[in-house]
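Multiple structures are listed underneath, in structure tokens.
The two complexes that follow have chain A in common; it is paired with chain B in the first and with chain C in the second.
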Partner chain A sequence: MNFLATSIESLGAKVVGWFTVGYGMFAFLVQASLLLLEPATWNRATFDVVVKQVYFTAVQILHVFLGYALVISWLIISIILSTARDFGLTEFASEMTIRVLVLELLPFLTALFVALRSGSAINTEVALMQVNNELDALAHCKVPPMQFEFLPRLVGGVVSVVTLAGLAGLLALLMGYLAIYGMNAAGFEPYTQTIAKIFDFKIVAGLVVKCALFGLAVTLIPVTAGLETPKKLFMVPVSVLRGMMRVFFAIVAIEVVSLALKYI
Partner chain B sequence: MNKLHFKVGLFAVASLLLAGIFTVYLLHARGFFEKTFHLQLAAASADGVAPGVPVVFSGIEIGRVTTLGLNENGGIIIRTEFLGRNAKWLKENSTFTLDKPIVGGAKIRVDSPDLAAPALPDNATMLLLTSDVSKEIPALVERVKAILANVEHLTRKDGDLNTTLANVKTVTGRMTGEYGMLESILGSPEKARAVTESLEKTRALITKLDGLAAKADQWLFAEKGVAEQTRESLAQVRLILNDAQSSLKKADAMMANAVEISANVNEGTQDLAQLRAEIDDAVHKANDLVNEINKKWPFARNPEVKLP
Partner chain C sequence: MAAVAALPDEVARVALDLPLRANLSALDNIALIPIYQRHFRVGESNQQAQQLLDHLGHADIAPLRDPDMTPAQRFVTKLARALILKRPRLVIDRPGAMLYDVPYPTFIRQLAARAEMTGTWEIFDFSWNQALYKE
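This part shows the complex of A and B:
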């Protein structure tokens, strides 16, 4: 009996913990959104931090990221094309390529890329600031950390993921054309037809929203995880670990929901 | 100049430019800048047709079905939409066929045999033909069923085929026995053994006969054999007979003289006539004997003994 009670209690504690974390994130998001709507937020200083964030998240890694997207796209396109030829389904190859790469795989990989590179950095930085009482100090000096530290990171993350995923998608479209039709313009009409068939308004809007959610997940979750850190230095790695796990689950959840909405 | 800001600016401009170009391209691809061309297809049945079904020309999609509806007479009206640039493939003599392959979705196929023919006007109504593979399947299935029933009848548990196979199995089982094929034909190893035994006896007998025949051959037909001896003795018999014939001829001649000499002697004549009759009789007997022998041993052609 005692054992049962203990396990139920621990389960309850976990559920309460998840709700607390979820609520914390939601409250933070609402706070950030409300702040975004205030005209006073849009000053030069905030804008500078956004630019900096975009630079570190997207521009600095652009060449590496595009090279990586190129290799992945080329591989996947080759596999799909040869499989489609083997099964005599070449007519569906271009559509399949675009759907798999541009709509699903590349945004997902972009989110993972940004999460590993910038998300973990943000988490550590916020956790250290929290441990070292820097956030309180900033607030004390009339520099609200939400406006100058967190919100620019969220905006920068969203902008970065949407842009990187878009660029990778365009690259994959180009690669797909080259792989299917080669270096000539003969396939332009049918390829355009395929693209027109796939990218209707709903799909494009869904893609942009999905990328924006990915961007939000890879910045919002690390920030809230960092803010949760108890004021002890040795808790910083634990905070990063928790934050990154949550980011991973959030990315997978967004992908699954988007797939379900699209195909079910 | 702030290098960081420049780079981000460049990134932003390039991204926005690409996004803009892609948007324009997408709008162009989706026919935003073009007039759409409408066509209505009249069909007997809308089976398999739904909004979104592609209209293909030479395997390339040129339009789509937008809506389905019924007209006043209960016929099906399928409304399709084409981009302005694709309308040139639709001619007045084009045929529209609903293709429903077994694998893959339905599509409406456009065939335009003469591309020089006048183009279809907007909102024209054409007839939709149906080529449906799946409708032929039930008939096919019926025939296959009949064939399968026959096969089943043939292969049923007490069926001819099964009995035959069982027999074949018994026969081949016997074939693998000691007496092989013979056993399979006769039915049991005992009978087969009897046959082989009698065959063996026959073989021994034939060997013996062979030896016997060789001996007989030697005895009968070899040099100095029985046959040779018989022939020789017969030749001697003939010589003897020939001698007898010649002596008889002499006796005959002598007799004739005697008849002439004693012509006058009447009494004696009667006795002589009797003698003559007796000799004639003897000659006849000898002749018969010669004929008899000649019949059996054909060595001479004219064996007759003639009396004058």
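This part shows the complex of A and C:
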């Protein structure tokens, strides 16, 4: 009986904890969204931090990211083409390539890439700022941390993930064409017709929203996880661990919901 | 010391528990304040921050970040940040905890002689350090 009560208590505490974390993130997002609409937010210093954030998240890693997207795309396209040939479904190969790579796999991998590189850095930095009292010091000087530190990271993250996923998608489309038709202009018309058939307004809007949500997940969750850090230096790794786990679950949840909405 | 932390808004504090932003240079730490408080442009704010550092005799620390500064340089940056707030009272909280590489009463006196400020400077220190100020 005692064991049952303890288990229910522990489960209840966990559920309350999840709700508290979820509510904290939602409240933070609402606050950030309201600030985003205020013209006073967009001073030169905030804008500079947004530009720096986009540079560090997207531009600085562009060559590595494109190389990685190229290799992954080439491998997946080769697998799809060889399987399609084996089953005599070659005419569906281009559509399958676009659907698997451009709509699903590349945005997902982009989000994971940005989460591992920038999300973890953001989580660590915010946690250290919290532990070292840097946020209190900014507040003492009446420099709002939300406008100066957090909002630019959210905006930068969203812009970076949408842009990187878009570039990787374009690269995959090009690779797909080369793999299916080679250096030959004859396939241009059927290939562009397939692209036009897949990318209707609903699909494009869904893709942009999904990438934006990925971008938000890889920045919002690390920022809020960093802010939850108790003022003890040894808690910084724990904060990063928790933040990154939440980011992973959020990315998977967004992908699963997006697949369910599209195909079920 | 809790009384120092609970000082009202019109007090600019220089304290160990109010650190600099670690990934910003000394100049950026100071220049942030005119940008956010008085809506100056970045160029103008940087100019004001540099002038203040020049005036305090530490123009050379402008590009340094917190981990690259000596305790005295860090203190000067925090002081410049507090001065640019332009609040009527300036409180230096336990200077011995921040200025352990220089004879601090003399150092603060020299900085006070250089700084242009209309308000008052107050030093909150432990009573057993009182003897250090009687020179």
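Heads up, the rule we're going with is that the second predicted complex is superposed on the first by the 264 of 264 C-alpha atoms of A that agree within 3 Å, B and C clash if a C-alpha of one lies under 4 Å from a C-alpha of the other, contacts with A are read in each partner's own complex, and residues count from 1 in each chain.
Definition applied: a contact is a pair of C-beta atoms (placed from the backbone, for glycine too) under 8 Å apart; a residue touches a chain by one contact, two chains touch by 3 or more.
These figures come from a predicted structure and were not determined experimentally.
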With everything superposed onto chain A, say whether chain B and chain C fit together or clash.
fit
Could you look at A:L138 and tell me whether it touches chain B, chain C, both or neither (first, second, both, neither)?
second
May I ask you to decide whether A:L75 touches chain B, chain C, both, or neither, giving the answer as first, second, both or neither?
neither
Quick one: classify A:E91 as touching chain B (first), chain C (second), both or neither.
first
Could you look at A:V51 and tell me whether it touches chain B, chain C, both or neither (first, second, both, neither)?
first
With both complexes superposed on chain A, which partner does A:V257 reach: first (chain B), second (chain C), both or neither?
neither
Could you tell me if A:F148 is touching chain B, chain C, both of them or neither one (first, second, both, neither)?
second
Just to be sure I read the superposition right, which of the two partners does A:L128 touch: chain B = first, chain C = second, or both, or neither?
second
On the chain A superposition, what angle, as a multiple of 10 degrees, is formed at chain A by the C-alpha centres of chain B and chain C?
160
Once the structures are superposed on A, label A:V16 by its partner contacts, choosing first (chain B), second (chain C), both or neither.
neither
Smallest inter-chain Cα gap (chain B/chain C, superposed on A) in whole Å equals 14
From the superposed pair, tell me which chain A residues show up as contacts to chain B and also as contacts to chain C.
none
Which residues of chain C touch chain A in their complex?
13, 17-23, 32-33, 35-37, 39, 41-42, 81, 85
The chain A residues in contact with chain C across the complex are 43-45, 48, 125, 128-129, 132-134, 136-138, 140-144, 147-148
For the chain B and chain A complex, residues of the former touching the latter
4-5, 7-8, 11-12, 15, 18-19, 22, 25-26, 28-31, 59-62
Residues of chain A touching chain B in the complex
51-52, 54-55, 58-59, 62, 91, 163, 166-167, 170, 189-190, 192-193, 195-197, 199-200, 204
